[in-house]
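Consider the two complexes below, in which chain A is the common component and chain B and chain C are the respective partners.
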Partner chain A sequence: MDQAFEAAIAFAIFVAAFSVSQYTAVAVYESSMNRLSEPRLEAAACIVASEILLQNGNSSEKWSSWEPVYETGYYFSPASGVGVAIRATCYSLDPSGVVTILWTKQGPSQEPLGRYAQKYVDGVILEDGTFVRVEAYASDIF
Partner chain B sequence: MDRSVTTIILIASLLASGSAFASTSAAFWERAGTMMAECAVRGMAFEMAAGAAEATSEAVQSGTVVKTCVIFSEEALVEASGASITVVAAFNGRLLNASVGLACGIDLQPSRVSSSSFTVTAYPNGTAIISAQEVEGI
Partner chain C sequence: MDSRMRPAALLHMRGWSKGGKGVALIFDCMVACVIIIAGLAAYSSVATHKPPGPDEGLGKYATDVLTFLDSNGCLARLIEGRDSLALRKTIGELLPEGANYCLCVYSPYWELEWSFSSQGFDWRNAAASSPYLVFSESKPEPYMVTLSISK
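== the complex of A and B ==
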């Protein structure tokens, strides 16, 4: 086998091994960062849902006039780098057992913040017997 | 050019690029480690704030005292006052801190607790206090 061919094979092996090691290192780093981010984002979503429930309580009047606020700084600080989405749904249960959706308020998008968003769900029974389910989503925004 | 000179130049350039890559890589991983530690402390502050917000919300809605536990894998110092929570934790010999401020309706009693397990006690009037978790009798 001639020397140039040997050199080419050696170089190809080196490049392959180097690429695999770099790809593995970056994948490990990304997975570690995601593992660290998930509890923080879930906590952020929990703070948003809890504060919304705290503001409106079980008052039907407050919930009907309430409009979701999507500025993260409205709920916690420092807020930079985190985006939130909110969906609140009010359900009514008829005596016959039929569940009816009375209203839904949501935003800022139908598909809240992509697949890395963390979700927190809470709910409250209102004074008129209806039930409000609040879903809050939090995600890192770049 | 002589073949041996070419070989020497080749080896020298390989060593130079190898050491440049090693130093860049070391700097990157050092920065990455710091970022991960900062992210972990920020996460702890958010978890503590979420525990306080969740407990207070439940206490106000139910009209009863609500207790919730927040457990960290590392020991940390938690300082709370008003609507602000600060967590200080040591990672790789470095002390890092992170703060989270809650925006509305929650009043945290001043406290300064060092532990890895915390209890948030929330009252129906919207106040909450953070304390070290009491260990149940064995």
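== the complex of A and C ==
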């Protein structure tokens, strides 16, 4: 009876500790994989943001007619399976230092792509003195 | 005596268990689990440790922000007025969500005149702008300004 009870306790402890170790192992693996894919996603976000800036330059006209479209292969996006979200915001600055948002354009996804998405931010001063901030988010699509 | 049986034998001598096999099993399981968890923890800290590095893109963006603020002489006015509240609001609007910053104003001889930073700013993963020269009408010497952004 005693031995059976001890064996049951031992088994329970083993199961509990085994579950903890498995959980830790999965968390470590997931974290490692995310760290490995960070530079790749950051590069993708950087490419998309840079291309948008190259296409529109500092022309206010181009920026006002620009729409944040994204389709696979539209930019030099490195791989399929990478989701991209773009957000651009235009600011004006008055002499007293008050910043006003003139417009915000966001697409194709309305939300940044989850907590593992990598972001790249760039900016450009336009010919009319306004400033455009471009944020590109890249994330793996499963 | 087998070293694996020592804890059980000790307990047996103290009268904790008659057979000792069950207790030995418990100890074996506990020791094995501690070793597994310690190993995993050590592996995770070594294999996945990556010191947070500065983001070069953010440094460039910080320079863009300073250039924009200086485009109509606004930066010089805000610096001369030591108006950290207005500067906080202006810079906070222009930075991306979740970014923290530190603005440092130096004399031309790199003496720090004043600085302020947002809550949560961390130098360890911050990227700084190039030193930016700000000229004002009331002062013959320019200010040197750097804006650092951390994620």
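Structure notes:
FYI, the second predicted complex is superposed on the first by the 131 of 142 C-alpha atoms of A that agree within 3 Å, B and C clash if a C-alpha of one lies under 4 Å from a C-alpha of the other, contacts with A are read in each partner's own complex, and residues count from 1 in each chain.
The working rule: a contact is a pair of C-beta atoms (placed from the backbone, for glycine too) under 8 Å apart; a residue touches a chain by one contact, two chains touch by 3 or more.
Note that the structure is a prediction, hence the values are computed from the model and not measured.
Annotation: superposed three-chain arrangement on chain A; chain B versus chain C shows no clash, the two fitting side by side.
In the superposition on chain A, contact of A:P39 is made with chain B only, not with chain C.
Once the two complexes are overlaid on the shared chain, A:N58 sits against chain B while remaining clear of chain C.
Of the two partner chains placed by the overlay, only chain C lies in contact with A:R133; chain B stays clear of it. In the superposed model, A:S96 lies in contact with chain C only, and not with chain B.
Looking at the shared chain after the overlay, A:V124 reaches both chain B and chain C.
Contact with chain C, but none with chain B, is seen for A:A10 once the two complexes are overlaid on the shared chain.
Legend: residue contacts after superposition of the two complexes on their common chain; A:I47 is shown touching chain B, with no touch to chain C.
Partner contacting the larger number of chain A residues, of chain B and chain C: C. When the shared chain is aligned, chain C comes close enough to touch A:T24, but chain B does not.
Fitting both structures onto chain A leaves chain B and chain C with a minimum C-alpha separation of 8 Å.
Once both structures are placed on chain A, chain A residues 32, 46, 122, 124 are touched by chain B and, in the other complex, by chain C. Contact residues of chain A toward chain B in the complex are 29, 32-33, 36-37, 39-40, 42-44, 46-47, 50-51, 53-55, 57-58, 73-78, 122, 124.
Interface residues of chain A, counted against chain C in their complex, comprise 2-3, 5-7, 9-10, 13-14, 17-18, 20-21, 24-25, 27-28, 31-32, 35, 46, 91, 93-99, 101, 119-125, 129, 131, 133, 135. Residues 17-19, 21-23, 25-26, 29-30, 32-33, 36-37, 40-41, 43-44, 47-48, 50, 57-58, 60-61, 64-65, 67-69, 71-74, 77-78, 83, 86-87, 89-90, 93-94, 96, 99 of chain C are the ones touching chain A in the complex. Listed in rising order, the residues of chain B touching chain A in the complex are 32, 35-36, 39-40, 42-43, 46-47, 49-50, 53-54, 56-57, 60-61, 99-106, 126.
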